[in-house]
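Going in written order, the chains are labelled A, B, C and D, and every chain counts its residues from 1.
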């Protein structure tokens, strides 16, 4: 949550940079930094999910855990953008 | 500018999703979509920069344009995250 | 394995394209396609690993599975290049 | 060219790693490294192209250079995978 609040601030900062006609490459570097911060959030969410759902499901039943893995794979693919 | 305002709204939406304990993979898919939107902004800025700076500099002088290309390459590398 | 053999062939094809002075943007599009194929391999390996190691470890013991998750997270970060 | 030859060797190395049942996360890290090497090739090709085509075209005529930029933008998008 606090990471996302910080990212929201960074996006507002980007708007100011564009509004102030900041030199393009400098804005692009800043955009890349926000992108990186968002992907950190995605990895954190994925890891929490693996922790809470897949591992626990694997403990709960013989087939549990497996079921969630297909979804995890497709989520990883979306983060990597395949 | 309007793209960035939309992205700011999307980041606020992400905070609501996390606050409402939305199912993790659904949030990750949304994070990936915001990342993509930011990279569209980066490509737009880079193209404007190539248009305004590199092409015009190439017209202005023999060595102009060249100078800016090293910077463009390094900016692309940051967007790709090399 | 067969995917990697195909990728090896694609990299050889890239060398031929460059040797034949193929138009740069066409080569770049082909490079992007090989990159995508490699990331598919990475996702496949990661999913197998989650299946074989994390899920099974979670079944084997109370703390198993957890141990492997930190490593999975750091592997995902390397694939995303954070 | 020599970079691509090295990448071909790395892909052959990956096949050996998989054939020898190397620990999955170690193979994934290696896959990520080959992906990075390929993207370096893409950035190099793009920069050469900007140098040879866009800058020279901009010098040759009033509208030259501009024409190539749309293509460059779409090539960058493919490398970033938008």
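A few notes on this one:
Just so we're on the same page, a residue touches a chain if its C-beta (ideal position, glycine included) is under 8 Å from a C-beta of that chain, and two chains touch if they have at least 3 such contacts.
Being a predicted model, the structure only gives us computed values, none of them experimental.
With every chain reduced to the mean of its CA atoms, the largest distance from chain D is reached by A.
The interface of A-B is repeated, with over half of its contact pairs matching by residue number, by C-D among C-D, B-D or A-C. Although chain A and chain C share one sequence, what matters here is the overlap of their interface residues, and that overlap exceeds half of the numbers used. Rounded to a whole number, the gap between the C-alpha centres of chain A and chain C is 19 angstrom.
Per-chain Cα centroids separate chain C from chain D by 16 Å. Remark: chain A and chain D have CA centroids separated by 24 Å (rounded to whole angstrom).
Looking at chain B, one finds that residues 36, 39, 42, 46, 72, 79, 81-82 touch two or more other chains. Taken in their complex, chain D has these residues touching chain B: 36, 39-40, 42-43, 46-47, 50-51, 54-56, 58-59, 65-66, 69, 72-73, 76-77, 79-80, 82. Those residues of chain B lying in contact with chain A across their complex are 1, 4-5, 7-8, 11-12, 14-15, 18-19, 24-25, 27-29, 31-32, 34-36, 38-39, 41-42, 45-46, 48-49, 52-53, 71-72, 75, 78-79, 81.
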